[in-house]
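In order of appearance the chains are A, B, C, D and E, and numbering begins at 1 in each one.
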Amino acid sequence: MVEIQALSIEQLLALRPLAVTIIAVLIIMMLALWQSKWPSLLVALSASAFVVIDSLSGAGTVSVFGLQFDVLSRIVSALTGFAAFVTFLVSFRYLDQKKEQHPEYQILLLLSLAGMQLMNAAADLMLLFIGIELMSLSIYVLVAFARSRRACCEAAIKYFLLGSVASAFFLYGMSFIFGATGSLAFTALAKANGYLGYLGIGLLTVGFLFKMGAPPFQMWVPDVYEGAMVPLTGFMASAVKAASVFAFVRVLTSCTMPDYFWDLIRFAAIAAIFLGNAVALTQTRLKRFFAYSSIAHTGYMLLGILGGSSSAIIVYLVVYSVASLGVFSILTLMSGPDDSLLTSLESAGFGRRHPVLGGLMSLFVLSLSGMPPLAGFFGKYQLFVFLQDRTLVLFAMLASTLGLAAYVRLLINFYMKEPIGVMSRVRTPVGAFFALSLVLGLMLHMSFFPDALIRLISGL
Amino acid sequence: MVESFAAALFLIGLLGIVLRRTILVMLMSLELMLNAVNLTFVAFGQQQGLLTGQVYVFFTMTIAAAEAAIGLALVIALFRTFRSVDTHAVHGMRE
Amino acid sequence: MQLAFLCFLPFLASIFNGFWYLFAKKPWKMAAGVVSTLALFTSFCLASALAFHDVTFSLPWIATGSFELPFVLRLDHLSSIFVLVITGVGTLIHIYATVYMAHDSGIQKFFAYLSLFCGSMLVLVLGGSLPILFCGWEGVGLCSYLLISFWFDDSEKAKAGAKAFIVNRIGDVGFLLGMFVLFQACGSLDIETLTHAQLSPTTVLIACSLLFFACTGKSAQIPLYIWLPDAMAGPTPVSALIHAATMVTSGVYLVTRLHVLFDAAESLHIVMATVGGVTAFVAATIALVQDDIKKVLAYSTVSQLGYLFLACGVGAYEAAVFHVVTHAFFKALLFLAAGSVIHGMDGEQNMWKMGGLKKAMPVTFATFTLGWLAICGIPPFSGFFSKDEILFHTFTSGHTGLWALGLVTACMTAFYMTRLYIVTFLGTKHTHAHESSWGMLAPLCVLACLSALGGIFGHMISHTLAFHAEAESSQLEWILMLVSACIAGLGIALAFFMYDESRQPIRARIQKQYGWLSTALAHAWYVDEAIDLVLLKPLRQIYGFVWRTIDVLCIDGFIMLLASGGRASGDVLRLIQPGFLHISIACMVMGAFFIMGYMVYGQL
Amino acid sequence: MDVPFYICAGIGIAAAFSVILQRRAVLSVLSLMVVLITCAAMYAMLGAHFLAVLQILVYAGAVMVLFVFVVMLLDPEILPEEVRPQSILERLWIFILTLGVSTIFAMLVWVFAHRYVPYRQMGADNTEKVSLLLFSEHIAAFEATSLILIAAIVGALTLSKRHRKAKG
Amino acid sequence: MASYSSHLLSLLVFLPAAAAFLGLGARGLGLLRRDVALWYGSLFVTVLTFGLGMMLSPNSEEKYTWIPQLGVSYALSLDGLSVWFVLLTLLVMPIALFASMHAIRDRVAEYCFHMLLLETAVLGSFLAADMFLFYVFWEVMLVPMLFIIGIYGGKERLFASMKFVLFTFVGSACMLVSIMVLVYMHKLQFGVPSSYLPDLLRVHGAIIPSRLLFSAFALAFLIKMPCFPLHTWLPDAHVQAPTAGSVILASLLLKLGGYGLVRIAFPLFPEAAHFFQPLGMALGATAVIYGAWVAIVQTDMKKLVAYSSVSHMGAVVLGLFALNSIAMAGSIAQMISHGFATGGLFLIVGMIYERFHTREIAAFGGLARSMPKMAFFLVLMTFASVALPGTSGFVGEFLILLGAWQTMPVYAGIAALSAIFGAVYMLKWIERILYGQAKSPSLAVDLSHREILILLPFTLGIFWLGLMPGSFFHQLEPSILKMQFFLTTGGYHHG
């Protein structure tokens, strides 16, 4: 007889964020009966806020069934919860504009948040896969949320097909690892050597590289980022990327791979940085521009993985996600009736017409480009300081000059070009304003007191 | 040997996805690939005398079902806007 | 302390005039001149008070680590002579200029520059160490630039000023390099330590040749004399003060100041002597055919300076100093007289348009005659004694060839000066010209007396100066004196013979026969055109070429290449991001196959 | 053990090829049914009886019915794929693809053969052991899959409802 | 040297930035509605910072730990060397603001914001003693400069600002990599990472690839300098920048290159400095001649002055790489004098541009007749930059050439030629616009009292450094000795 292990209080408490998210989903489903949209927003906001606060306050490492809640997974859960919180706030007015104000939006977003928490805390490959699938499925549907627009459907179907092929590969890799080691737990990954084991990890890498949007499989990133609704793209760029990168880091740190595997990662990193920065130079549409810049940032994170210290990568993750959240929230406010205003032509002279939003946008863009006073630079600095492979770092820095050129072109477009035609006065709704100030506060705090972030990550 | 057969099934499913133009057939080939994975799980479980393989098949089956549902829903939504399920038709966004 | 006061007084006057010119509303015409003259006169009195005493004055200037460069002024025997000449002749010329420039609008600016010039000349002469001397050296160059292009409305004059400054700067570079060689050799640039330091012969030779090159730049010798004739574009008092009396002699001052070093550089002597001699001869030939009074005097200055360097070359430093003093007197006199003539003729400078001014301007005529006699080297006058000293020393030091050249040049000097004298003053043509006012004539008279008596008086004191004892062979000396006097007389007679009104047809015939020679001489042996062709034109090509190729083509081209490379790679990579679904899936599958194969292959 | 396996394998491969090569979608759905059944047979052979039944009931039953519905719904509109003139590029692409697939297949078979391990006989009470294992060790995964099903339901609903009046 | 930690330094650095954000916020809230209030507000702040700067004693220090895990400390230090550059900044900023009051009419709030931010960045770079902090200020400088050139510049300002930013960024990217290597080596050698300059100086010379790191640092500083092959961004930036932008660019930003070399590159890698000495001096000498030659053929006034800065900075590079105390003191003096002379020249060119709205030399003539005061200042600044004795130019140039002659006579000789070519291009330019026949006499209004007040500080500076540089060299003494100590003993022995 196999007895079922009793759960201690501490283990139950560790499950609290996940439980709250699921309960919130159920509550919103019931609320859907009534016509008003406010309660579902409030429930969603409180759920995501709770996830953030609870994850930050947890301590030590607790393992429940196949899940292991340790410091890093709490940080990433907090980050994804914060991203969800900001996305809810920012997209509320956006959905009204697009007449797509349905409670399903909050439900699916919360479900993807639950999926991410599963991924962050998974200690077992199967649980990790279920988390990935949960997140991806809800994101596929969210991308196709505004069904009437052709771009949404096209992006959704592309994302779905490519995503499910990648999941199939991921699953196939898991079966090989199961074949090689007899169990799917992360601890067993260390024993996954020999042809079957390495082949399995290879297939896992295929799945992860796709999810992170790294070069061999980054075809989908530009189309999906442009097709999806702007707040959702923000959520994908920050939370989805953070969760997949963190999952990849956990898998890689727990398995011991031969050298030639790291050359593969090195190639992916170099290709990501160069491709992301170079193509960003040529983009006129803002969403596509930030898609390519997110590919470049994935490249930097891959470099961080080569460096080996996972806490450095998490710091970079937090810094990058906060900055891209800020950027996309402002894009949401900027976007015209059918996201038409998000091309560099229409948005010329934005900084002059809206000084406050323009100022915020330049701050976030400068942080993304790695300009020193802001957190972006600190992220890059602490990622590369202890990286041995200096030529690679030099290449990364020089390629980021291309990136800087792209960002500077953006600033020039915002500040130094004459605004064409009358640009509607953008009214920043209260919710969006609060979200933006939250994001700004967090980024400035990380810019000037970065040691707090590091202490948080290593000390918690 | 079962896993070789499963590998064959997986690759045929892969071929189906790459070669066919109708999205529905792509979904079916996707199902094919997932079935192949289930087979490999069971085969490897059998080889090592572990039943966990079969448990994993349990989960992959539910996930495959969920994916199929979402996929088909997407196809219907797509059909409503594009009036066709051909991959070549789905090309709105130019660079 | 008086030494500092002496040196800084002209600077104060210059600052006063400068501010007055820039900021004061209603200038009182003569005030500027008076201020500068007073300042210089007090300096003259101080100089005469301090004459021949050893006085030093120093201020801390640059001090970094071990290297000390204080601002040292040192007055001793040699420099007091020069200071007296500068302040004395300077004061006279200031008085002359106050009247001469009275009607000019920028008179304050003129006197500001003039006092600045006197100040920097004093710094040059009193400089205790080579860098201070160099400061004066360049300051003087600056003032000559400002004064030459004083009437800047006419761009020709401005170009002449620029030309003078640039040629001087070429000389100054030589000076700089000389200083560095000396500093590297003996670690200090103070003149005292330099004279006593034991230096290897090669360093001394290199340093002295560089310094000599600087002197040729400043004192207009063969390679770098081209700027002096054009410097006549400035007002006449400027030409008198700067380009006759003071600045041009600074080269000689430098050589005499460092005579210990120059003595040590044996092989340099013959070079200096020949350069001096050849310059004298060439300048004299050019002066023969000049039509402009100031150009004649300019070339005669160049040739007299040639004599000076000839003297230095043969080691007769005190003769050189003596000739500098006398030359200052009679050349200043001649220039001022020419100035009053030009003033009288309302700016007309061409000799042939004048004539018979004897009656129109008697005082100018009288003083000019004295100056003319002095420069030709007629016995009682100063020119004879100093030039004879030089020729005597050249002869005794065995350079008979150079001595002969010197004699021929002396004859030619006499010839062209007499030609100038006859054409402007004598002759029957009655050109109407008004005599200058006494403000201009008084300095002329003083200078006339000085150039007349200067010779005798100078001859006596030059012995006291004797740097090194020298056997007196009076018998040989008398013979040489006689020879040079006859040569001078011959020159004058020849000129009278040639330029008498009646000899017009003979002159025409010679002109026809040696036409090519006279045009060559008129164009100063086409030296300017040659330099322009050989040096300046290619340089201008180079400047343009360098900018276009290196800057625009190579560096910018390379950067544009990089930038467009970045952009092109962006475009290319963008093209391989097709929107088509099936292509994306195909790429993905191929990528997956590659990774699977790579994982297995990696292990083989 | 070998003969029935080879028969099932043969049928399965043939059905799989017919899934991807059939012109009409309906026929591919049917051939997919056949593949599923062969898989179920395989499970039975391997002793995973519980799974075999499950495969037939859940997979072949529910999921395939779903597919049939959708295919029937859209079939009149989907013209059978007319065979386009194969351009050289496509022919070349298909050749490369088949080459790639076959090398990968050969590699996989080589990898599997490389570690040949005979199948062991499992105990008779397969269902009991599997379900016990399912609810003890893998309970977390079991609950998580329920989440996925919720997501699938909500997703399918939002995408396929014909008209939705926008609230608020 | 006694050094007491005082908050004065941080106050000095961040006062302008605080005022900048205050000003922007006030304008946002509608307080400082009229531009004049903004102008005089920011002017008051810069003058206040100048006063604050006066109270500093030249060896105060301030150090707090900022990011312990990476060994980054917030350290500011003021010593004999940086005191002059700080004073130059404090002097140039109010002048630049005062000079741009008439030129800049619209978007004044942003202009003041960027100018004050720029002042903080420049002050920070000169005072930073921690490499991380130095790099932060070094990069922060780019952003306000980008906006100043980009918004208020001439026609192709976008291209010029982009080129300026990217050029400097490439250099600083290499510098950042070498900083990282140094920090890592410090961690290897001492167990704890630190980017505090004195700590990095103790890193053992043998283990680090010092030649490679030195060339990375040197690249960043020579681009900023700008030295010969890397200078093409300067003429474009100058031509397109507004007057105040050009003055700041010329007087301050170029000095950072030289300052960086002296403060960071040489002491860190003495052996590499000796290794690269011939190359450095060759580059310096070619820059001197090349800058002069190209300046001769320029038709645009600002481009001409820009290329003259290339020539002057070439002399500074020559002096710095000569690695002896005389030449080093000379180059620092030359940098300060270049700040005065070229800053003055740009101000005058700006004033001429305000009157004639063109910078083509050919369009002018005979200005001396109608604008004597301007002519006086122009001639003075020109002769200061042509190193005329009595002006600051001579002190710098003479010491550089004297010092350089001790080590490499050939290159010093070549650089000495700059006296000739310098005279040629300057006189050609002066003569073209001042002398000759007046072309558009109606516009030629002489300098107003305001403009004379703007030019006065630079004139006094030129004469102060030219005639009485005693106090300048006295302050410089300790740092030069420290530098000599590093260069002779430091890494050289076991390098």
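To be clear about the criterion, a residue touches a chain if its C-beta (ideal position, glycine included) is under 8 Å from a C-beta of that chain, and two chains touch if they have at least 3 such contacts.
From a predicted model like this one, the values you see are computed outputs, not experimental measurements.
Trainee: Please find the path from chain C to chain E through touching chains that uses the fewest steps, and give that number.
Mentor: 1
Trainee: What is the identifier of the chain with the smallest separation between its Cα mean and the overall Cα mean?
Mentor: Central chain: E.
Trainee: Find the chain most remote from chain C, comparing centres computed as mean CA coordinates.
Mentor: Result for max centroid distance from chain C is chain D.
Trainee: Any idea how many Å lie between the Cα centroids of chain A and chain D?
Mentor: Those two chain centres are 31 Å apart.
Trainee: Can you check how far apart chain B and chain E are, centre to centre, with Cα atoms defining each centre and the answer in Å?
Mentor: It comes to 65 Å between the two C-alpha centres.
Trainee: Indicate the whole-number Å distance between the mean C-alpha point of chain D and the mean C-alpha point of chain E.
Mentor: Centre-to-centre distance between chain D and chain E: 71 Å.
Trainee: From the mean C-alpha coordinate of chain B to that of chain D, what's the distance rounded to whole Å?
Mentor: 6
Trainee: Two-or-more-chain contact residues of chain B, please, as numbers and ranges.
Mentor: In chain B, residues 3, 13-14, 17-18, 21, 43, 45, 47-48, 52, 59, 63, 66-67, 70, 73-75, 77, 90-93, 95 touch at least two other chains, as defined above.
Trainee: For chain E, what residues touch not just one other chain but two or more?
Mentor: Those would be 166.
Trainee: Which chain C residues reach two or more other chains?
Mentor: 563, 574, 577, 579, 581, 585-586, 589, 596, 600 - these are the residues of chain C that touch more than one other chain.
Trainee: Please list, in label order, each pair of chains that touches.
Mentor: Every pair of chains in contact is listed here: A-B, A-C, A-D, A-E, B-C, B-D, C-D, C-E.
Trainee: Which residues of chain A touch chain B in their complex?
Mentor: So the residues of chain A in touch with chain B come to 126, 129-130, 133, 137, 140-141, 144, 147-148, 150-151, 153-158, 160-161, 164-165, 167-168, 171-172, 174-176, 178-179, 182-184, 222-223, 226-227, 288.
Trainee: If we count contacts the way the header does, which residues on chain B are in touch with chain D in the complex?
Mentor: 1-5, 7-9, 11-16, 18-22, 24-25, 27-29, 31-32, 35, 38-39, 42-43, 45-49, 51-52, 54-55, 57-59, 61-70, 72-77, 79, 83-85
Trainee: Mind pulling up the chain A residues that touch chain E in the complex?
Mentor: 352, 355-356, 366, 371-373, 377-378, 381-382, 384-386, 390, 393-394, 397-398, 400-401, 404-405, 408-409, 411-412, 415-416, 450-451, 454-455, 458
Trainee: In the complex of these two chains, what residues of chain C are touching chain D?
Mentor: Its residues touching chain D are 586, 589-590, 593, 596-597, 600.
Trainee: Where on chain B is chain C touching in the complex?
Mentor: Contact set of chain B toward chain C: 14, 17-18, 21, 87-88, 90-95.
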